[in-house]
Amino acid sequence: MEQRIAVDRKKGASAGNPVKTILEWYQGENPGVLTNLARMLNHGTLAGTGKMVILPVDQGFEHGPARSFAENPAGYHPHYHFQFAIDAGCNAYAAPLGFLEAGAAEFAGEIPLILKLNNSDSLFSSSDPCPAITGSVQDALRLGCCAIGYTIYPGSSMRNQMYEDLRELTQEAKASGLAVVVWAYPRGSGLSKEGETAVDVAGYAAQVSAQLGAHVIKVKTPTAHIEQPEARKVFEKQKIPVDTMADRVRHIVQSAFNGRRILIFSGGAAKGTDEILEEIRGVRDGGGFGSIIGRNSFQRPKAEALKLLSNVMDIYLNKN
Amino acid sequence: MEQRIAVDRKKGASAGNPVKTILEWYQGENPGVLTNLARMLNHGTLAGTGKMVILPVDQGFEHGPARSFAENPAGYHPHYHFQFAIDAGCNAYAAPLGFLEAGAAEFAGEIPLILKLNNSDSLFSSSDPCPAITGSVQDALRLGCCAIGYTIYPGSSMRNQMYEDLRELTQEAKASGLAVVVWAYPRGSGLSKEGETAVDVAGYAAQVSAQLGAHVIKVKTPTAHIEQPEARKVFEKQKIPVDTMADRVRHIVQSAFNGRRILIFSGGAAKGTDEILEEIRGVRDGGGFGSIIGRNSFQRPKAEALKLLSNVMDIYLNKN
Amino acid sequence: MEQRIAVDRKKGASAGNPVKTILEWYQGENPGVLTNLARMLNHGTLAGTGKMVILPVDQGFEHGPARSFAENPAGYHPHYHFQFAIDAGCNAYAAPLGFLEAGAAEFAGEIPLILKLNNSDSLFSSSDPCPAITGSVQDALRLGCCAIGYTIYPGSSMRNQMYEDLRELTQEAKASGLAVVVWAYPRGSGLSKEGETAVDVAGYAAQVSAQLGAHVIKVKTPTAHIEQPEARKVFEKQKIPVDTMADRVRHIVQSAFNGRRILIFSGGAAKGTDEILEEIRGVRDGGGFGSIIGRNSFQRPKAEALKLLSNVMDIYLNKN
Amino acid sequence: MEQRIAVDRKKGASAGNPVKTILEWYQGENPGVLTNLARMLNHGTLAGTGKMVILPVDQGFEHGPARSFAENPAGYHPHYHFQFAIDAGCNAYAAPLGFLEAGAAEFAGEIPLILKLNNSDSLFSSSDPCPAITGSVQDALRLGCCAIGYTIYPGSSMRNQMYEDLRELTQEAKASGLAVVVWAYPRGSGLSKEGETAVDVAGYAAQVSAQLGAHVIKVKTPTAHIEQPEARKVFEKQKIPVDTMADRVRHIVQSAFNGRRILIFSGGAAKGTDEILEEIRGVRDGGGFGSIIGRNSFQRPKAEALKLLSNVMDIYLNKN
Amino acid sequence: MEQRIAVDRKKGASAGNPVKTILEWYQGENPGVLTNLARMLNHGTLAGTGKMVILPVDQGFEHGPARSFAENPAGYHPHYHFQFAIDAGCNAYAAPLGFLEAGAAEFAGEIPLILKLNNSDSLFSSSDPCPAITGSVQDALRLGCCAIGYTIYPGSSMRNQMYEDLRELTQEAKASGLAVVVWAYPRGSGLSKEGETAVDVAGYAAQVSAQLGAHVIKVKTPTAHIEQPEARKVFEKQKIPVDTMADRVRHIVQSAFNGRRILIFSGGAAKGTDEILEEIRGVRDGGGFGSIIGRNSFQRPKAEALKLLSNVMDIYLNKN
């Protein structure tokens, strides 16, 4: 039996450490995955709090360059986003292959990276979308990333293709010690437009992502709409509150393994500062783990965007 | 020629041992498969009886989290189901990748696990459904599982895709000594709604599963409806009784290689306790090998659910 | 953040559970490895105590059949050893490929198996021995084993070949969720005959095994001899006690990661019962995790051997 | 042509940043390698200075547990070294497979790790040594390591085997974004005992390591002895100073691509504090990049060892 | 049938173009190999003449850094040699892995590179030497090289190992379109010291290299000594002239497929300028294709070395 020596970590040592507490939820994973989750959780302004703010810039691929960068032309330059994520104190920066290749050497070691492994452009659109796989786990390793990122569209007739591709990439990523971040964006002919951000659908998308083995899950901030009749019955019978953002976030957090998966929220389209901050207070109050803020940051002038992210982080630090 | 030594197992030694008897039906399989079947058959309250009660929790993926867990919110937590299966004395716990990853380390060695390798969400629905493959045999090995689980939808135009994927997974699983559990759920444009649980269809689905190499087959408790006209002629000509649940179960058991494959039954949607127990008496009396009870257990308060499963197991132990 | 629900395992729940405590030492491993360690630790008379008694029968290969089995001819029969391990309440039975193939189907699920992956015969002998690899990880899976076994001979000029082969097999075994048991037998031209069981050498062999990634390590009960001059200086300077078996075992347990690796002891050549039991009391008192007893069990008449193992287990249960 | 945007990093921005300057020396490598070098260079007390102090603990394997840990028995425990490296503010902790597996999950994200991929035990000794390969690049990835470590023995008849194995591991490591740390220890029948630490031999070993593609090279602090007659002629003709440690370090730094490879020094056997610190002042003054201090740290009581490393780091910070 | 079109290259167009003429000798090779040969032949001062002067710097590995670089310490810096080869107008620069990795990015596209794939250090010496393989074809591709380089030691008992390794590397290099440069250095217990540069041996080594598939062969300038008695008989009987350097070069050129393989000569140890130039006039007059000049260039001050190479090239341009 182990001979007790003073160096042993005290049991329960993780109690006061949010990052250690979070890592305990993933103890079926190998130490490489835990290390890469910790690299993100321990970086930037929110380091060590268990909260995360991630900068994602895949809109150049998804929406085209003019729609993405003309508002703030500095964003055409791939270095802009690396430097912005660093200056803003983000936990990580997520982008497709090309954007990461264009700066990963110059900014090596300065900001945790997430390689978005699939992307859709909007030169062809489909009511049942499915992104193309545009990068690999090996790319993520050679670029020094902490994680792979992947988008699923629950509600699309192509969802199974996405789930199956994700499963293969996840298995490979985990074997190499990389974390897996899933963008869960309900979309497709199975859903109404309103349903894409319905609270029941958001919770369902979070659940599906967690069941697929995601470590970090990103959903859109949900509305109070309930899309599925069977779900509506349950929400009503169980009186699940959905009136406030905090209520709705709480439901989705619960849907992601009772809060044992890192769940972060995006705000979607660019909007006003007050609106964003109010939304983020709801995310915080509902137990969300953070935000992933793209257009609302890189489409503003840098100073203004840095101010916004600083305010956002203050909310997660309970300063605001 | 073998020198007779007293240590030889007496021929027929298995006569009084239900588990040994069952394993003899699978003697074409390698010892790893037999061992993993035995791990499930020798675990829990029904250990050694040749009967099984399995806890399946894939509804979070299949129906969404609110519909699955809001009734008994403890079920949002992945550990709840591990602990419930242990406390209830189940033979095994079956779930998709994420739910098993979220507890397999913490509960290692406490409950046999079945990794459900394919799953469907209901944000998109199709009249000819086909689940996504969401896990691998390698995942099952690294998580310490006894078996893989897989759903087929006989009656769907996509059935061949499912059968062919199952065949590949089965081949790989057996080579690694894992057992194969098939959820046989007739569904799709080839069948009427009523036909999904028709007794002829259930028997057919059990036969197809057995022919595909399944070790354990799960079907829904059948109705007396007979879907296929050609089948109806035979049922009538041969006077195959289908009036009672026991009658119908007996037909399906016979259809699964004359009772030489482990055939278990699910009750489907949540229902009243008496109704469930009555159904299960029918399963037992018809020669069924057990039950797989999901929603009817995890959607009740834990104490009530434990009581229900205890009553179910008493039926299989002929105490009730 | 996780919503606290009563189902959460209480922190420190493992404190009173020896098996859980042991599994915590291996938390870098995947749940499959933990499960297979638990299968052995939770089987037989010593189930749940954190102690192990394993039956190894590789002497037919290592010493030849007559030297191994003529004394108790029942042992020629491969089933004898399976049945003996079961009847004696062992935690596991370890043997080369052929012996396991000859009974794994018949005894499926009755006793955890360890496939010895390398073996030496004595028809050719070398002062620098290196066993042949005689089985594979895939064999272990198809036979339903919990672990692979492997012998290293530290002190042989061929040691590096053994270490490198072990490394590859270990990597493959762990990826498939199997545990790794290493027989660490110092031997070869680098050591004197007396040195093979020297206390410093035994500790060194245990350390090397642990560094190579072994989960369970088997060494011979050590003598008070100290082989290496540099080690002798340290033993003397630090006054490391080596007078009693318990003292020596304590040093080796400490050498195996301060007691955080399962370390078991073999008695080697057949000897008298009292001598064996006395030795085992030393192993227990020094903090050893158990015994691996081959010749001293299968070369006695079965009844006598069962009695011996029962007495051994009583020692580990502190009844004796 | 690139449109000048204010976000561009100014050329020469790295001038004042020692880590950026160092990374520029490796610009042929992929961003993953640069990131992992940066992870080490930016960690601990010396973060950002371009200097490194690494804790290596492979002596349990190399010299045996008693010789390594009996002096300070806390070191038998694998967690001790992780915690010590963290508390001491080291840049990284290097150890063989077993020691890393035994703590990488518990300490995930707290200290950069280097997996030593080859190791020798001293139960067999050879005048022409060659370590066994005891880990893999895949192991390094799954354990979350920044780098692989590897020992070469220039001067051994087996050197080519080591160089060729290193080449393969290096190629695989770099493709996965891992850094490569080489322990260059001249030894073997091609050298006299005195020659193992001769200044010409140390410079030669550093050159060979750099030519083999090492990113970080560790040599022993050299003596003024010159081993090779042809080298002696050059040292005399060119009046290469070797009188002081700084002189000798300067030659070796120059030999490692004119100071464009990270070269660190070990002190070897345990010795007095003043002697160590004096040596390290020489390393610093000669342009060395840091120290790798094993026995001199973990064989002292923890408080004393922390004090020593603090003093060592102060030297590199030019405070002492 | 091919339709005659005016764009057809005129037959015999290559008559006046030395590079085209040379490429015709290799027309069994794929266009990638031809392209890479052309890249070297069309670079630098001698571009287009069919002559080559190559800078090789592997002495840091082969002889150690002090012996190689102390005379002209600028050579410790890996960039020095890239820049020197460019400034001197060399056709290519050849070096081991580390030296190329340390500058290939910075000098990309400025000078054709040859990756020396095997190297020997002199800390261990053997009468039957065999270099270690220290790089791969994959390394050559990722570094943007035109060719791999490889040393064989005909006369060593290890020659077959070298020939076989070369064969594998050659096959892989050619499949990837890389050229193959062989350093043919007779050496080993099969030869006397004098025999290493004997004219018969040099011719033999060139023939072996060509038979092994080399595109470019490097030998030392030969002496008039004839090593092998059987060869001597033939030289005498056929009155093969060996008195002048031009005579001897002519024999070796003839031995390399009658001049249809690019054969270049090294001068070996550093020596006086006049001696070198005289030797090179002999190479030119005997039909040699050029020189490979290492120590005689990088061990002189840069200005002096540039002057020397300029003089050498003037000889090949028939200006001197």
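For the reader, a short list of remarks on this structure follows.
Think of it as A, B, C, D and E in the order they're written, each chain with its own count starting at 1.
Here is the rule we use: contacts are C-beta pairs under 8 Å (C-beta built on N, C-alpha and C of every residue); 3 or more make two chains touch, one makes a residue touch a chain.
Just so you know, these numbers come straight off a predicted model, no measurement behind them.
Central chain assignment: D. Criterion: smallest distance from chain C-alpha mean to the mean of all protein C-alpha atoms. At the subunit A-subunit C interface, residue numbers used by both copies make up over half of all numbers present, so the two copies contact each other through mostly the same positions. Using the average of C-alpha coordinates as each chain's centre, B ends up farthest from subunit D. Subunit B and subunit E have centres, each the mean of its CA atoms, that are 71 Å apart. Computed centre separation for the pair subunit A/subunit E is 56 angstrom, with centres defined by C-alpha atoms. Chain geometry summary: the mean Cα position of subunit A and that of subunit B are 36 Å apart. Multi-chain contact residues, meaning those touching two or more other chains, occur in subunit C at positions 3, 5, 25, 27-28, 30-31, 175, 254, 258, 260.
Taken as a contact graph, with one node per protein chain and an edge wherever two chains touch, the assembly fits none of the named shapes, being neither a line, a ring, a star nor a complete graph. Under the touch rule stated earlier, the contacting chain pairs are A-B, A-C, A-D, B-C, C-D, D-E. Within the complex formed with subunit B, the residues of subunit C that make contact are 3, 5-9, 19, 23, 27, 30-39, 41-42, 73-74, 76-77, 79-80, 83, 100-101, 104-106, 108-110, 113, 138, 141-145, 175-177, 302.
Against subunit A, the residues of subunit B that register as touching in their complex are 60-61, 63-67, 69-71, 73, 76-78, 96-106, 119, 121-126, 130-136, 138-139, 143. Residues 25, 27-29, 154-157, 159-161, 163-164, 167, 171, 186, 188-191, 200-201, 203-208, 210-214, 228, 230-231, 234-235, 237-238, 240, 251, 254-255, 257-258, 260-261 of subunit A are the ones that touch subunit B when the two sit in their complex. Across the complex, subunit A is touched by residues 1-3, 5, 11-12, 15, 18, 21, 25, 27-28, 30-31, 50, 175, 250, 253-254, 258-260, 287, 289 of subunit C.
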